[in-house]
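Labels run A, B, C, D and E following the written order; every chain starts at residue 1.
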Amino acid sequence: MGTATGIIRALNSGIKHIALKRFTLRYPEEKLKFVGDGYQFDPSTGVGIAGLKGRHMLFHDHCTGCQLCSIACEGVAEAIGMVKVPEEWKQNKKSIMPQIDYGKCVFCGLCVDACPFYALYMTNDYELSSFSKEGLIYTPAQLAVKPEVAQDSEIQISARGATHG
Amino acid sequence: MIKKCAYLFIQKLGFKAKLVGELAGNYSTVVLMFGFAVAAMAPALVISRMISPRKRSNPVKFLPMECGQVPSGEGRTHFMMQYYAYILMFVVFDVVAIFLYAWGSTILYLPKEATLPIIGFLAIIFAAMAFALQQSGRRNIW
Amino acid sequence: MSSDSEKEAVEKKPEESKPTETKPPEKPATAKPDEQKPAATKPAPAKKPAPTKEEPELPAFEKGIADKIIEKFGEKTTISFVKPDRVGIKVGRDDIHNVAEFARDTLNYDHVDSVAGVDYPADKEIEVVYHLSSYTDPTLSRQILELATRAQREEDPIPGNDATKLPSLRDIFYSVEFHEREVFEMLGVYFEGHPDNRRLLLPEDWADLPPLRKDFRNKGR
Amino acid sequence: MSVIAPNFKLSEFIKSILDNVFWFLLIFTLIGIPAVMFILFYIEMPVIDGELLTPFLALTWLADPSRSIPILKAFMATDLFRIAAFPGFGFAALLAAGTIFVERKMLAKLQLRVGPFYCGKVEGILQLMGDGLKLISKEIIIPAKADKPLFWAAPVLFVATAAAFVALIPVAPGWVVADLDVGLLAVFAVIGFFPIITILSAWSANSKFPFIGGIRALYQMVSFEIPLILSLLGVVILTGTLNLSEITASQSSFPWIIFLPIGAIVFFITMLAELERIPFDLPEAESEIVAGWLTEFSGMMYGLVQLGTYLKLYSFAALFVVLFLGGWNGPMIWPPFPEEIITEGIELGPVTAQFPGLPVFSQEMLNGTIWFVLKTVGVIFFILLPRGVFPRIRVDMLLDLGWKKLIGLAFVNIFIALGLLYAGILGPGGIL
Amino acid sequence: MSSPTLPPGLAIQKADERIMTLNVGPQHPGSGHMRIIVQIDGDYIVACDPDPGYVHRGEEKMAEYRNYTLNVPHLERPVIHDSCNILYPYVLAAEELLGLEIPERAKYIRVIASELNRCIYTQYWLAIYGIFLGHSTMFMWPAGDRELLIDLMEKMTGARVTHSYFIPGGIRNDLPANFEDVCLRQVNYFEKRIKEYADVFYNNPILISRTEKTGVLTRENAIKLGTTGSVLRASGVDYDVRKKEPYDVYDELDFETNVMKDGDSYARSRIPWLDMMESCRIIRNALQKMPKSGSVRVKLKPNPKGELGSVYKRIESGRGALGCYIVSDKKVEPYRVKLSVPSFRNLIALPHLLIGEKLGNMPSVYWSLNYWPVEADR
């Protein structure tokens, strides 16, 4: 009898779930909303600010070409290389800035931690796929562009189950 | 002659076969259904064979599945599961089960006393089955 | 391993432990220019905890464990450190079997957490560290006993067929079986008495040096 | 780009399709049409609506749609229509396709997923077609040492056997492909073929995992065939016939499941096992023996086996309906036809369309079909549901269940039927 | 096969010809990234030889070339579903070697992240356990409900699986605003969801009859083989590092360890499920006791050098006690990093459990060991 009860309970539980809400994020149409503008690091306090570790953003007017991000990355992914930039910046005498290869980057954010001048951020943009390996290499000019992201879906919990809205 | 044969053939295919008995005609429809499915499904394989790519360059592709390893040993081997006894039991009791149908389908026309031998027969079956099940439980002898 | 110093002295005055373990003259000069890691100075001896804190404040329970081992085996073993919940013992390769048996039977350590091999090219030795722990004895549940022993190291190793050998502890602690196989393939230490000294993680056709030796170089590093 | 994987070029794919279409059309027009004309010329054509059907007339329906109606009517009266379309293959394949879709969506709902969604705009309704296209355009790989004729034949035979099973199912009064006097025994005969095909294909693949899967299929058959047969004996005892149509007709007042619930439960469980559905899908247990006896099938061969499986699922569900749920019996819900539709046709804009099927399809038949389909879909739902809530069982548990529990229950069912008969509740002289 | 003199079928088979060798894995739905060579006699397994190493990446060797901070992103790779926990002992050991004392708030956040990660890992494990038993719903439900916690981890750390969150000196970033409320809401719902697994899975009579009394590991054997985690606790040994040797703030939190006596597959699969409920309790408790503000990371000077010596630290991960042994030689890089991973320690039990079992029990017994092949290979 215990067996029969168990089987009936299992069937009952299965049928009950047919009425629950679907818990699927239909990705290209819905995008999950993240906290803040992305992972940032405050060198003065030594603590990061929570956010998604997506693709980087480089502030050219802060970057001094000190290569600390590149050195940090050398131990992790070797994704950051320093390249010459055409512009002249007074804080950046050598005119070199990081160029990031997202084919290698592991999005750990240690380069952001390493930057002492608040020049390298991470943004909420994670759609970086490309048809060629070259397309994954982001030059300093590309990194300076703030990405447009439309992410608004959030987990909503109600009596009829959780859903992505 | 040719005309006659073709006529018969088409009659078989399409129209009620008048030349064959009604009963055989009924059975023939089962066979026809079988043949129809074969005739309808074989083209699926043929079309698939025609439009799908065929690359025969890599012989490894045609090895039997062995989870990414090079196959070791034959696929067709002497392989015996420890439940062999059940197969022997099946051979016997399947016939018995069908035999019961001969009794069951005519029970409405039989006198009630005719059931008693069957009950006795079932009792013998139960005894035999219990013995066989007990033997089949002895996995080490199989 | 002939360490003649007093166990007590070693513990309390860690600077003395230096000469006991490895050959003192070699150490300063070991750093070859091409070696990325210079000769391991002292693997296990933890001078820091003892001297910085007050000396008499060695954790009593752990010290008791260490004392028991020293009492039994005397000069054959050395205490490399005593820290809260951790005791480090150094044993020669001939005595490791007996010490492990003692640890199991008398001290109630019943399994091995991990077996780590450490390569010391400057000492021409490979250290194998057994981390013993106990499930059955509630007083030992926090404790880890590190049994360290050293095997001779060969420059051109032929794993299994050279002098880099140690007695296996599998007959004492069954749980070292896979760990010792790993140490064998990663460092080339052959465990005598181990029933199954085969490759475990590396590919079957691995023909290079054992990869965790210091002279095996990662590409580009 | 990978070196090994060939580059897929859409243009080449389309070209290969167009090539085949071209050759088909060429051969058909040069050989096929003359051959048809030739055959039609030598054949004595039947008389339809008082008019002799000549080859010319038979082909004029291409030009004149109104002429096609008598031909269609004639066609619908033939066995070929029954085999290919209505109670036979087409109907069953349609229901099977619907089953696949319902299974995927229902399982997705149960598992809080979405299921097929994008193909066909409306909740992925065309997903099955997409899958079919994918399967048909995939390469068929046959293991090098396989027994090729058997290996090729297995999927086709599987579908054909399932189709033969479909042929035995009465859908509506008089609408059955093969109305056999020993229909139930024929069903057992056909069911017995499936494990043989499984074992043959498993043996022919010359690979270990299919082999084990085939052996397991054999054991599954061995342990569940006898309870399956015995569980239906109760119905036979009470009706006194083996003809499925007569069994259905005997349930006009009440279905047998009311009197023989134990038999129905045993038959349902054995049905799941014969279908290799989830609690009993040992021959295809993917976590143990990769995909069981399907491991070496690829492309359309796999697709055919799946089609056969779902045809089989429909047939078993229909058999359950026929034996225990009263088949086509049910209150009349189909609206009666106005006389003029049958006699005069319907005015649809400028033309008068005479509904071709109506003289063939009667109201009873359509009503019966509706009830039959509704009940079958209900049973199919309960066949699909265990897949969501039960794990797979083991071979020894399976044998235990089949040989010790289900056979015992089947005998209990027989004795219940005997008791009902001899107590005079049912049978001649009873309330029946 | 038959000898030529005898007609086929009458050839006398040698006894060992009954035995078939099956390579289960690495490309098998019922193995992870490893191969289990099993020999079966009919339905029974007579020999079993696990062959891990297909995803061996030399993490220990790689760790010798990077400094204590830069080791973080790649040391978490072996178990990306449990990446906080596999970093935990490394970070604890590195902090002891570097002489760091981390802030109180960071300890609590570490505990929360670690427990969330344990649930994420266990859900993944449970999903695969479900599919190994042919229970597709039990694959989809945990995989979906896991999303609730992954969402929390994403808010917390900025990454879905490879968090790189713990670092010598504390944690990378503070919690986002109103994280506590969201966390409490989702964890409560998560706990409600996992309790619903009982009807369909854990109390399902078919599952119970299938996994009970299979692959029994006795208490003596569990101790002798040095197993750990849920395998050990399912065999009746009450040993949880969180209780026995509390690290960070586990000694201040209120929770219990789950122990079962049977030592069979069912007990081994039930323990992680019960552990998840305890994890939810720990998370709620930690959220309550956590200091509401304060620093979460001590500033580290660039390229810190470790003290001379060695440290062995262990924690309780989703699979069992996870130890990290670091030898330092006063350099920027550690001299030797050894991860003592629970999967590797539990693997030794696999042949002991499988021999004599039926082939149909292989996936359930194998996966009930809470084994993660990538972690064992490192």
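Structural remarks
Everything that follows uses one rule, which is that a contact is a pair of C-beta atoms (placed from the backbone, for glycine too) under 8 Å apart; a residue touches a chain by one contact, two chains touch by 3 or more.
The shown structure was predicted, so the numbers you read here are calculated from the model rather than taken from an experiment.
With steps allowed only between chains in touch, the distance from chain B over to chain C comes to 2. Touch-path distance (fewest steps) from chain A to chain C is 2. Legend note: the chain whose CA centroid lies nearest the centroid of all displayed protein CA atoms is E.
Seen from the C-alpha centroid of chain A, the farthest chain centroid is that of B.
For the criterion of most C-beta pairs in contact, the winning chain pair is B-D. Chain D and chain E have CA centres that are 46 Å apart.
Per-chain Cα centroids separate chain A from chain B by 59 Å. With centres set at the average Cα position, the gap from chain B to chain D is 16 Å. In this assembly, the C-alpha centroid of chain C lies 70 Å from the C-alpha centroid of chain D. In chain E, the residues that touch at least two other chains are 20, 28, 43, 65, 137, 144, 200, 204, 206.
Shown for chain D are the residues that touch two or more other chains, namely 110-113, 208-209, 212, 290, 388-390, 395-396. Residues of chain B in contact with at least two other chains: 66-67, 73-74, 77, 79, 81, 83. Applying the touch definition to every pair of chains gives A-D, A-E, B-D, B-E, C-E, D-E.
Listed in rising order, the residues of chain E touching chain C in the complex are 51-53, 56, 58, 60-62, 64-65, 223-227, 232, 237, 239, 244-245, 307-310, 312, 314, 321, 323, 325, 327, 329-331, 333, 335-336, 338, 340, 344-345, 347-348, 377-378. On the chain D side of its complex with chain B, the touching residues are 4, 6, 13, 16-17, 20, 39, 42-44, 46, 75, 78-80, 82-84, 88-89, 135-146, 152, 155-157, 159-164, 166-168, 177-181, 184-186, 188, 203, 205-212, 215, 218-219, 222-223, 225-226, 229-230, 233, 236-237, 240-242, 290, 295-296, 299-301, 303-304, 307, 395-396, 399, 403-404, 407, 411, 414, 418, 421-422, 427-428. The part of chain D that touches chain E in the complex is made up of residues 107, 110-113, 208-209, 212, 278-279, 281-282, 285-290, 387-397. Those residues of chain E lying in contact with chain B across their complex are 1, 13, 17-18, 20-21, 23-28, 31, 35, 42-44.
By the touch criterion stated above, chain E contacts chain D in their complex at residues 20, 22, 28-30, 43, 130-141, 144, 200-201, 204, 206-207, 209-210, 358-363.
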